[in-house]
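The structures considered in this document are given below.
Each of the two complexes below includes chain A, the first together with chain B, the second together with chain C.
Coming up: the complex of A and B.
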């Protein structure tokens, strides 16, 4: 598996897309930190971007990589290798290279700015953790879609649709349902609905750092318990982990049965 | 014979080995305007009634322990000065306001450099005028509001100066009811159950350069007129009903140069009229300013609103308040003529803050892309938020 991972990883490292992605974060981080001189504002802007952009890049890259390397995959399948090794290896290659672009791209400007001396280090860490999780989740989801669809156009379509749904439409439906049912107790519903969307989960994780004062403004015992203690952070992280494990498990299952 | 001689002496000394062993005894023996020096030691006394003008000095921090029975010091005379004592354990009661120091109908008192510990009420001052409370430490270990008292409690007083004190772990740090023309300066009030500083029916008072941290609410100003608030810091008042500053039914106040940082609600305004907010900093609060109802002619000028989750929350369509020349960190406009003023007006009330007012649970969608989209569409054509509530001269750079 590590050999496949290494090949995929080097393959991607050689492609200019990784560099573009890396340079994008490097540029963005530097501009926000050095031209603005307001770390809190930079973190808020970065959060808005990471929460939307990493899933998009993750899905597109995952689908693209799978379809592009199809011939190579078929060649590998002819070798005495386990299928799970091939696909999980490819998945990890893509996800790790994307995550690295993010971590290094944002890490350099933050360290250059003197992050280690500032109190913003926890905000930075939560940004990085959330970004990495989102990359892993959405690359896995993209691989799932690609594995299930032979037709490239269909695959791409579903991938984009998935991103659009989780990034925008889900929140819209969520908001409308909360407003429609506002006469009912909604705190459990709203927290549960958050768990079913990795983008919302990541947002909550960052809000726990940035906007805790606003989150504690709502009078409700469940919210208080969730946001006021470590429960919120622990359960969000656990849910994100499940969001990684479940799609990866499905890649494993699906690839074992797939007919090439 | 001895008593007579001692009576003429200006100074009476109290200690475990002296002729006078208790403070009560010393007061009884002292003449008006005499001086009592209390040496280091523990004095188990309560209901110490000071009924003549006296100057009492604690030397090397003598401890007066009320043994949780009743009041500790009771001042019933003008011109009493007390300094350098540690006073602790007054009684605790649901029917009587036992205090470490109880001052009643006495003017020109002065309490300096005392430490009040484990108190029910710290200073309880009634119908007294021209007093000074300076450099004292008042603390307790309050666990709930009903069984705890206030640090410095003033009732029907005027011209009192409360300066450089530290009050913590009480119900209200400093409480003023029917208090006029008093000044509260440079105090630190923190970890109190209810309010750091609480005004009720008190007019023409001022408070400057105080720090209020982690209280139920920093400062509550209710039913008061002509209050000046400058240079104070309100931080980390977190919770469901927590405010940096709570204004309720107040008129003609001035709020200048204060800093509101990381509070759930920076300022909560209800039924308040003719208030000017100038050059305040609102930094990373949940809501900087939450305006409930019946607020007229409030004027916000030259304030900095930096990275708050919500800048202004407003629950009615009518607006009679003005916002001018403030700096808003979430302003996205441009300044083509380079005069430092944004060319596009800023709308501080977002559609999402209106939604959160209606359905509080939606707060979990804060900073979601969808919310940004609906905020943007509301900005383009306001439907739900007050149309005329705009800052038409937003600043491009924060005010230093």
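Coming up: the complex of A and C.
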């Protein structure tokens, strides 16, 4: 698996897209920190960008990489390798290279700003952790979609729809349901609903860490009330972890049965 | 060498292989070239991919040297496979790709001879994404033949090759045969098949319609060349 991972990783590290992605975070981080001069505000702005952008990039790169490397995958399938080795290796190659662009791209400006001397380091870390989780989750989801759809256009369509649904539509539906059912107790519903959306989970995780109750929103407030800050963070992290494990397991299962 | 029994494969509602039985073995140590022929959609590629474990059959058995290969992967170490379309990661160089495939297979490789034969030296440091179709196919052929394996499977090997490389390819195939290898080839170019193959396996509607020597198929259809013999079978079947 590490051999496949290594080559997928090298392959992506040399594509200009990885650099564009890296430079984007580098530029964004620098601008926000050095023009704003407020780490806390920079973290919040970055969070708003990261929770939307990492899923989008993870989804698109995941789907694109899978479809682009189809013939190469066939070449690998003819080698004495286990199927799960090939696909999990490729998945990790994509996810790790994307996560590295994020971590290094944001890490450089933050360290240049003197992050180590400030107390904000943990806020920054939670941002990085969430971004990495989202990258791993959405790349895995993208691989799942691509594995289930032979048709490229369909695969791309579903992947974008999934992102749009979780990043935008989900919140809308959630709000509408809160308005419609406002006469009923909604704590449990909103808690569960949050668990089913990794983007919401990540947002809450960071906001709990930053402890800005005004920005928490309804779900966040309930989350904090229900779990308290620490337990809330641990449970949302655990939920994110499940969000990684489940799609990866499905890649494993699906790839074993697929015809090429 | 290869024993296929009652092989069934469906893609959705389309039944591609219907109870296919096939036994392929080269006599003694002579080596042999088997051409798998058939009209488009007759299941040639599906058959080959089933042997390689890339397509998972719904039913049936595939044995190589007496051992079932379904759901296994180690056996592929003893098969060389040339896929139909050559497409590689565009950001790797030719050299790196060769190194990688060597790295994935724990056996000695003779890549140097083939690099020389196909004149690939100037391309070694080029990215695979910048190569022409024919050069990619040469790399593909190099990757296939650099290992020493008992069984060689070639899916449309002539695609995109210039005449010189085609001659080289034929030489390689004949040399491999003389080493006692079993070689399976699919091709639509009948002159190539006629020149190379010892035996024909003719697939029609997911079954083996004919298996035998070139002479036998010509005799059976009362034709003098292979292309017409195949055409005769097809028109007879479809009337």
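By our rule, the second predicted complex is superposed on the first by the 243 of 260 C-alpha atoms of A that agree within 3 Å, B and C clash if a C-alpha of one lies under 4 Å from a C-alpha of the other, contacts with A are read in each partner's own complex, and residues count from 1 in each chain.
Everything that follows uses one rule, which is that a contact is a pair of C-beta atoms (placed from the backbone, for glycine too) under 8 Å apart; a residue touches a chain by one contact, two chains touch by 3 or more.
Model, not experiment: these values are computed from the prediction.
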Which superposed partner A:52 touches (first chain B, second chain C, both, neither): first
Partner chain in contact with A:190 - chain B first, chain C second, else both or neither: first
Touched partner set for A:179, first chain B, second chain C, both or neither: first
First (chain B), second (chain C), both or neither touched by A:207: first
Contact breadth on chain A, by residue count: chain C or chain B: B
Intersection of chain A interface sets (partners chain B, chain C): none
Interfacial residue positions of chain C with respect to chain A in the complex: 11, 49, 52-56, 73-77, 79, 81, 83, 85-92, 96, 100-101, 103-105, 143
Interface residues, chain A side, partner chain B - complex: 38, 40-41, 44, 47-48, 51-52, 167-169, 171-172, 174-175, 178-179, 182, 186-187, 189-191, 194, 200, 203-204, 206-207, 210-220, 223-224
Complex contacts: residues of chain A adjacent to chain C: 3, 7-8, 10-12, 14-15, 68-72, 74-83, 257-260
Complex contacts: residues of chain B adjacent to chain A: 238-242, 262-265, 284-287, 306-307, 309-310, 329, 355, 358-373
